[in-house]
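Look for chain A in each of the two complexes below; its partner is chain B in the first and chain C in the second.
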Partner chain A sequence: MRTAIELLVNGVLLGGIYALMACGLNLIFGVMRVINFAHGEFLSFGALLGVSLVIGFGVPFLLAVVLVAVAIGLFGFLMQAALVERVVDGPPIMSLLLTYSASTVFVNGGLLIWGGGYQGMPGVFSGSVSLGPMNLSQARLVAFTVAVVLTGLVYAFLAKSMFGKAIRAVSEQPEIATVSGIAAAQIRYLTFGLGGLMAGAAGVLLAPMFASDPQMGARFVIKAFTVIVVGGLGSYVGAFVGALTIGVVEVVGGYLVGQTFATALLYFLMIAFLLLRPSGLFGVGIRR
Partner chain B sequence: MSGRIVALVLLAVTAALPLASAAYVVSFTVQLLLFVILAYSWNIISGYTGYTSFGHTSFFGLGAYASTLLILHAQIAWPLAALGGGALAVAVAWPLGLVMLRLRGSFFAIGMFGLARAFEALAFGWASVTQGGTGLYLPPAYDLRPIYYLLAALAFGLVFLTYRLDNSRFGLQLLAIREDEDGAEALGVKTTRLKVRAFVLSAAAPGICGGLYATYLSFIDPPTAFSPATELTTIAMVLFGGMGTVLGPLVGAVVLSVLYEVLWARFPQIYLGMVGLAIAGVVLLMPRGVLPLAMRRGWLPHGRGALRRLASRAVPAEA
Partner chain C sequence: MRTRRWQRIGGTGRGFTRGGQAAWLAGLAAAVALAAGAGPVAAQKPITIGAPIALTGNLADSAAHVRRGYDLWLEEVNGRGGLLGRPVQFQIYDDRSDAATAARLTERLITSDKVDLLISPFGTAGTSTASAVSEKHKMVMINAGGASESIHQRGFKYIFQVVTPVPYYVEGVFPLAAKAGYKSLVFVSRDYAAARDMEKAIRNWAPQHGIEIRMVEYFPAATTDFASYIARARDIKPDIWVSVGYPPEAIEMIRQMKATNYLPKMFVHNGVSQEDFLKATGKDAEYAFGMSLYEPSLPTKGNPEFVKRFKAKYNYEPGYYALLGYAGCLILEEAVRKTGSLDQDKLAATLRALQTETPFGPYAVNETGAQTAKKGLIVQVLKGHREIVWPFNQKTADAVLPMPPWTSR
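Now for the complex of A and B:
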């Protein structure tokens, strides 16, 4: 029983970070119907940049989260402005191929900058906290808390601010939004930047838990795909719920059948959802 | 007519190459032929039918593992084992096609991508059979020529098949599915049956190819078998040459293979990044590829020659 609760809590904690990554990915999909294959590299760049700042320059961890999030957000903004904007109205395969190839270029760039080795963040939140009968890793608790706060802030931004309302307008009715005087292109830049910001922050938050390397992005982006398929493509809340679900499935599944089979299980879960319930738990449905 | 002469010359050069050149050239051409086969296979489902698969290495990897296991445990000769790999790919592709082809556009692409990663995870996890990350070793192949000729036969077979497809009712039906699937269905095209057939067709050769590749390397492990780099390179080749054309995959495979060989030899560290840049460049600058460009300029005849001749003959008969 204690193990079960501990697994459940650990799954939710992991899911919180997936949420940060997947909500951004889903926001991008909602606004421009583009699936960003390079989202994993936002995460890995965030993690590695975080390690460089914290270990190399002695920047405090939470400050590093903010700095990296802003940097990766800017990176996403520029990527949209320079690349994705050109194919946004084309057939989906073009944007898929473009972000897929961008992802390989980024991985290669990351290998040149940071080398191929694993980089850890030793000594940062390495302790554990006793919560009743459970022992929880400090790093996971901090990461979860920051991730949930950030996801909530972005949600509030989407719900309340003018920019946020404009993003939702473009996501739901692009033509009418444009006619109503919303500069759709600017909204797309902003959305991509926001997605980058969230994924970059998620990367730094992951760094104390897992060793980071430039090729880690692919492992996480496919998990984020699973999350948004399960939660529902285009739905912010769906991505959040989906992320917690996937976190729990991964941790509990890993305990029951081993890590590699749990990974395979996630992919089969994604394919099953694509086939049986393509709109996911909260999806906006498929706009072809 | 001139097309037939070019084809014969190509055939003669391919046949004579291993007799007259160094091992390096043969080894390079083996890889080139491999990509020609993968590119033509991918072209059938993604170029003609319009279902962009990001996980066709699934069949390559399945074939590689099936054939390696057949050689190791059943002592079957490698050409037969490779055929066994192809058979497994087909056996898996059929039910898989029925299921996966219900997805469209980006959803099919992600689904196939996830599938290849799932197979890779299984190959890692099922260590009692696949040795996990250690990989499986085969006795080394000293003479590459038999592999070379088999690959060459397969490659020429696929070019010919694609030529026939381009001029057939089946090919036109696939193009109709690509352009407007619901419209095609409404006009009586049996879309499900035909696209599953195209999917299975596009899985067979990569399965055989995977088996031959394992024999060529005398080694297979999950990252080699289900490599995203293989996938990406194949897609880049077809995209560069022109999706849904007869000669596009060949042009793309030859041009990019030579380019990659040069890049890989000179800049091994940024090789993959260069491939990515090449794809991005093609997507942004000439999304339809080289061949359609050449056809528009009139340097090459348009595709579907036989059907076009048929159509132009029908008009005066009615008038």
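Now for the complex of A and C:
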């Protein structure tokens, strides 16, 4: 029983990080119908920048989360303005290829900046917290808490603020939004920036748990795609619920049937959703 | 309007490809013409060593060290006057950590670049496919980075292993465990050929030392979360946890063990013997055991001088990946000198009979070309450094067992 609860909690905590990553990715997809392959590099840059700040310059961890999130957010904003915006009206394959190419360039840029070695944040939230008979990871608790707060803030921003409403308007009815006087291009910059901000924060939060290197993005971005297929393409809430589901399936499944089958199970889940419920749990479906 | 522009660009695709081919062929023709008209070859035509290696992809981080081993040797050999009185150069291609690409590049090195000598790619998968190509062309290949036994179980005659075969990586765990009176083990590993070899070795050695195998689990590449295996180990309480794979997995395992306050009496991972592990886990690295093939403190022939030169050039202490590249080149150098020519059949005969020692350790192979002389080491991180704790006659420290639990550090 203790093991079962511990696994469940561990899965949910892991899912929190996936949520931060997937929500940003899904936001970008929701607004622009652009699948951002470079999202993994937002994450790895976030993690490596975080390591540089915390280990290299002694910046406190939570401050590093804020600084890096802003920096990667700005990076996302610039990437949208300089690259993605130019193909956003083209066929989807154009933006797909563009973000894929950008991802490759970023990986190699990262190798030039940080080198190929694996980095970590030794001593940062590395211990455990005893909760009754359970032992929970400090790093995961911190990451989960920050992730939930941040996704919550972004959700509130989308729901309440003028900008947020404009983002949703462009996401749901782009033509009507444009004729209503919303500057769709600016909204797209903002969305990409917001996606980058969330991925950057996720990167720093991951750094105390996982080995960071410029090629780590690929290890996580695939999971983010699984999350949004299960949760629903373009749905912010769906990405959050999907992420928690994937986290639990990964950890509990790994315990019950081994990681090889648990990983297969994740993709089986993805295929099942694509075939039986392509809109996912909360998806917006295909825009016609 | 815009859509049409995209279609137009898409529509020109075929024409572009054809044009590209034509340009490429023209370039090739020009190159051939140039080569033919180049006149008499310089008296000192360099000896070229072909080496496909992972400069990008998931093996690139590790292979970068191998490459530095090549580069250091290249400087030295040319300083010694080259090979057979000719300067030496490398023709290196990036196999992108992909075995099929490695095979294609090997074909290109042999048939198009017409290299004189070959060194294998880094890793078992690439070495398997590349050596099938070199074997077809009856070219000798030095197997510097393919530790799986399967490479040498195909009846090949031109592949010679410098790296220690996988089973010997784990050998030392058993005498150490037996000395400490340990009785049970779990094996949790990345799923790749080397790990399957290691499982066989464990199944062979564990019963001989009275150790029970309680769990054997494989995880796919790119697994980052080990919570499920840690939970299972907590239930079945093994004395020893053995893993084989790449450094990030060692980093993630030890971090996640600490984060859930779990630790076996003995944690062993080959990744522990890489510098990245120490850097990324800091104090949590302490007491972890590593399977290693080489340490800078090893009393092998020429090792102190090698370590000095390597540190001077690259500003860090060499790990075993660097040694694979360096020792592979040294063995090739010695074999070519002994043979006195680049005749591949004679070179193969020399390599089969050769018995020598490099800073990496001894070299000798059996009739399949598999390494028989060079065994593994077990190291333990003590006070921030890797100390050799097995073989007992080469130890630089006594093993601390059991590893102290997280709460009492």
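By definition in this document, the second predicted complex is superposed on the first by the 285 of 288 C-alpha atoms of A that agree within 3 Å, B and C clash if a C-alpha of one lies under 4 Å from a C-alpha of the other, contacts with A are read in each partner's own complex, and residues count from 1 in each chain.
Just so it is clear, a contact is a pair of C-beta atoms (placed from the backbone, for glycine too) under 8 Å apart; a residue touches a chain by one contact, two chains touch by 3 or more.
Just so it is clear, the model here is predicted, and its values are computed rather than measured.
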Clash or fit, chain B versus chain C on superposed chain A: clash
Touching partner for A:G152 - first (chain B), second (chain C), both, neither: neither
Touched partner set for A:T260, first chain B, second chain C, both or neither: both
Partner chain(s) touched by A:A218 [first = chain B, second = chain C, both, neither]: both
Contacts of A:N108 with chain B and chain C, given as first, second, both or neither: both
Partner chain(s) touched by A:G117 [first = chain B, second = chain C, both, neither]: second
Chain B versus chain C as contact partner of A:E250, first or second or both or neither: second
First (chain B), second (chain C), both or neither touched by A:P60: neither
Which of chain B and chain C A:D89 touches, first, second, both or neither: second
Partner chain in contact with A:G127 - chain B first, chain C second, else both or neither: second
Segment of chain C that clashes with chain B, given the candidates 110-118, 200-208, 254-262 or 398-406: 110-118
Set intersection of chain A contacts, chain C complex versus chain B complex: 90, 94, 108, 111, 218, 222, 258, 260, 263
In the complex, chain A residues that touch chain B: 33, 35, 83, 86-87, 90, 92-94, 96-98, 100-105, 107-109, 111-112, 218, 222, 225-226, 229, 258, 260-261, 263-264, 267-268, 270-271, 274-275, 278, 286, 288
Complex contacts: residues of chain B adjacent to chain A: 52, 54, 99-100, 102-107, 109-111, 113-115, 117-118, 121-122, 124-125, 228, 232, 235-236, 239, 269-273, 275-280, 283-284, 287
Footprint of chain A on chain C - complex, ascending: 2-3, 6, 56-58, 60-61, 64, 191, 217-220, 222-225, 227-229, 231-232, 234-235, 247-248, 251-252, 255-256, 258-262, 275-277, 279-284, 406
Residues of chain A touching chain C in the complex: 3, 6-7, 10-11, 14, 89-91, 94, 108, 111, 116-120, 122-123, 126-128, 130, 135-140, 208-213, 215-216, 218-220, 222, 250-255, 258-260, 262-263
